[in-house]
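Chain lettering (A, B and C) follows the sequence in which the chains are written, and residue indices restart at 1 in each chain.
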Amino acid sequence: MELLERQEVWNITYHHALGETASEFYTRIRDEGAIYGRRSAGSGRVLVPPRSFSDETLLPTTEWVKVGPGGQIEAFTIVYERFNNLPDPPYAFGYVLLDGADTALGGYFKGIDLTDPQAAADKLKVGTRVTTTFAADRKGEMLDFWFELTQ
Amino acid sequence: MGLRIQPAVIGCALRPVIAARDRSLEEMIYDTAQQALRDAGITIDDIDGIVVASNDQFDGRSISVMMASGPVGGVDRDIMSTPSASEHAFIMGALRVASGQFRTQLVVSWSPTEVSSMADAQRLGTDPYFHRGLPLDELSAHALQASALEHAVPGARQAAEAVAAKNREHGRLAWPDPPLHPAAGPLRWPLTPAMTAAPVSGAVALVLACPEFVAEGGLRDVAWLRGMGWATEPGFLGDRDLSTAPALAAAVRQAYETAGISNPAADFDLAEVTDATPYTELLAWEALGLCPREAWLADSIDGRFARGGRVPVNLSGGVLTWNPVFCTGLMRIGELANQIRGKAGAHQQANARCGVAHAGSGFALQYQAAVILSREPRQ
Amino acid sequence: MSSDRVGIIGIGQSEFRSRRDDASYPELVREAVAPAMSDAGLDFDAVQAVVYSLSPDAMVGIGNAERLGVDAVGGRNKPFLRINNGGATGISSVIAAYYHVASGMFDVVLTAGADKVGECGDSQTVLNKIWDPSYERPLPLGTINMLAMSAVRYMNFYGMTEEDMARVTVKNRRHASLNPKAHLRKPVTIDDVMASRTISWPIKLLDCCPQSTGGAAMVLASERFIRDNHLDAVWITGVGHAAETYWMGDRMGNNPTAEHAGAHALRRSFERSYRMAGITDPERQVHVAELYAPFSNTEFHCIDAARLVAKPGDSIARLRDGEFELGGRLPVNPSGGTLCTNAIAVTAMARVAEVALQVWGRAGAHQAQGARLGIASGNGGDHQIFGTVVIEA
């Protein structure tokens, strides 16, 4: 009995409206090279990345607040495995609490030797200070910035 | 068997067309949920459970409930997702209130048009074993059903044309800015542009509550769930006789039994049905016991199902006016709820005390549901 | 107690494997449904409604794939709907079926599903697409690295080590070796785990769940039906869901409500189901637990969140002491758990099925002796939506 197979690839394109808040966030990254969060009305917490409302209170956020460029590592991982449609390993990424923010922002960590996982993990441990570095040529997207260890 | 506790619809937000692109999908969902809460006169703090429904492929997210949970107030709440159909979110919400473990439920569904090709996204719903290679999107499936009906029922096409004209006329009266339907557009024989409406982005949210909550709040504008039924056809179109709708018949039977409906034309003041095409409306007329197929042609032109007639069907203009694809089913239930609550605005039926909503979804309406709402609670 | 309870009267599970080239997706569903129905002693006519368990469509490669399972569950012309709560789908489906019965509308409800994760070549690609396109999609997020970050924070707060993580794998693999339905059944040692390659630090290959293929099904019934038909059953006495913020970065930083190292919403979900079941002291009242933990490190915060220990972080030492293994005081994941079998659409249902078998005394070689009250949990989304149940004999 011959068992057959069929290959199918899901290939669909989307045009997602970003809305005013995300659009403003990216515009400021592109034009100013700076990260901004939004202040939540009830608690006063600065949410980064910014949203037009807080999911805890469901109240609209009130104002733009510039955060960073310094910050501290809240979580990280170093990926050594290859996955389809994701970057070539090894790479490190995680979340950084930028100065002035109350929530952490995701991004890549660059400029660290990742050959030895434990040594790299020691350099990236929770609480380590980092700086946001911006690309010279920015398009207005998440990959316009990344984090490097503060010397 | 009926529900132990009778839920009521106490608030609605109906957004059958959202043309602006200034809000992200999550913001659009947030706006819709907030609108329903305001309409119910409550805040999110009064909500103790949520059910959402959307299609991952339309949304472009592999687990659409994830990011949608925040906007609907899901943080620190009991939230579930029924992506099979928007009307299933209503059903699940009603079952949860009926269980006695929830006083309220917020039910939300949405349907964006951010995917570059709705047809391609829908075609992913066919199985890869036998059908993926065919141009089988929802419109094609509706066309197959239409051709089956034209073959089985003399006069079906004329009846369909009359139904389409009726609903478009209702739509012009119901909405301040009714759509301009294109004269030409995507066709699948025998469907004409007059028999379908182009997909638009839309969203809908309802608030359900138990009798105790209604009494405590002294809420007046509510629509009580008198009965509901739902059922599914088999997955392969070829396994179905598309000139019939047995799942709809089963759903209606269940709804009528629990609601004690024996004479629909007399018991109902109006109906909202899923007219994805006018053929699906004709099938609904039959299954609801309003009009057997032998009478489709005659009844489609004598005005009994039009505005001012005996049992107006689709005073909202139906799906033939606005087609927010995935959430059209829940939209029908919402439209009916607003009629019963006296909140239907320009297309309000005077003295609407009891009505039925027919919600259908999927390929040739594989999922079928019937929901009966009434001004009076049961005794 | 009035005759209002909802019972489980039938259970079916596949023998989970990587691939099943001999079976289509609907056939896999049928494979689990048939034994569940015969376990319940009913034929399909007795089933009054169906709840279908299926998480991301993209994993199976078919939009609204539940439609193809209609016949496998005998669903034609019956009330039928599908649940998708991400990885929690299986337990959410059982809970949805529970509400069908508890509503008073149905006496007998079937819930079932299957998954073919092994057939999807790109499960991490699909799981990357669960994040929002506005901000986080460009990041290489996937479920593995998301939970690696949770491990990093748990290490930071509670001193968990990679060896502690390895102990979870060792325990669960030993359990799975006693469970004929489990996928990965080969026992391993701490050294084996430590020597396995790093996937996303600190998670190594042997800290990860497999990609499994198979199905599961359960039949629920009202107490009245069970009594009238003289059926054997175990009882669902507590159910609940809770969700936390979707934003992982909000689970870090300054005073987060939900901490990414832990499982805040799981704790809240257990609060709901415990309250319903009248459990006030889970550490003492629970005999057995099947907690959804696809990576070794996450079993710790599940044990913490289920309040099987006094404070978060205590789970580490107590696992090391043997408390949570078969033969210990409170076996956790005696089936081998998600770490040894993960057919996403039904994994959380398998947790419920396994706990039901335990309190029923039918768990065979992996039976926890004397277990009469058990708990099960499921996790969905980016570790965000949690369902829990309490089951009693």
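Note that in this section a residue touches a chain if its C-beta (ideal position, glycine included) is under 8 Å from a C-beta of that chain, and two chains touch if they have at least 3 such contacts.
Because the structure is predicted, anything quoted here is derived from the model rather than measured.
Asks: Of the chains shown, whose Cα mean is nearest the mean of all protein Cα atoms?
Replies: Per-chain C-alpha centroids ranked by distance to the global centroid put C first.
Asks: So which one's got more C-beta contacts, A-B or B-C?
Replies: B-C
Asks: Please work out the Cα centroid separation of subunit A and subunit C, and write it as a whole number of Å.
Replies: 30
Asks: Could you work out how far the Cα centre of subunit A sits from that of subunit B, in whole Å?
Replies: Spacing between the chain centres: roughly 39 Å.
Asks: What is the distance in Å between the mean C-alpha positions of subunit B and subunit C?
Replies: 33
Asks: Please output the residue numbers of subunit B that touch at least 2 other chains, ranges allowed.
Replies: Residues 24, 26, 57, 60, 69-70, 74-76, 121, 124, 128-129 of subunit B each touch two or more of the other chains.
Asks: In subunit A, what residues contact two or more other chains?
Replies: Where subunit A meets two or more other chains at a single residue, that happens at 8, 10, 14, 16, 18-19, 22, 55-56.
Asks: For subunit C, what residues touch not just one other chain but two or more?
Replies: Subunit C, residues with two or more chain partners: 58, 61, 133-134, 245-247, 257.
Asks: Can you tell me which positions in subunit B touch subunit C when the two form their complex?
Replies: 1-5, 24, 26, 55-57, 60-63, 65-67, 69-70, 74-85, 88, 91-92, 94-96, 98-101, 121-122, 124-129, 229-236, 239, 246-247, 249-251, 254, 258, 362-363, 366-367
Asks: Can you list the subunit A residues touching subunit B in their complex?
Replies: 6, 8, 10, 12-22, 52-53, 55-56, 58
Asks: Quick one: which bits of subunit B touch subunit A in the complex? Just the residue numbers, please.
Replies: Answer in residue numbers: 21-27, 30, 34, 44, 57, 60, 69-71, 73-76, 114-117, 120-121, 124, 128-129, 132.
Asks: Can you name the residues of subunit C that touch subunit A in the complex?
Replies: Residues in contact with subunit A: 21-22, 58, 61, 121-122, 124-125, 128, 133-136, 138-142, 144-145, 148-150, 152-153, 156, 197-203, 245-250, 252-257, 260.
Asks: For the complex, give me every residue of subunit C touching subunit B.
Replies: Per the stated touch rule, the residues are 24, 26, 52, 55-58, 61-64, 66-71, 75-86, 92, 95-96, 98-100, 102-107, 126-127, 129-134, 240-247, 257, 265, 268, 272, 276, 380-382, 384-385.
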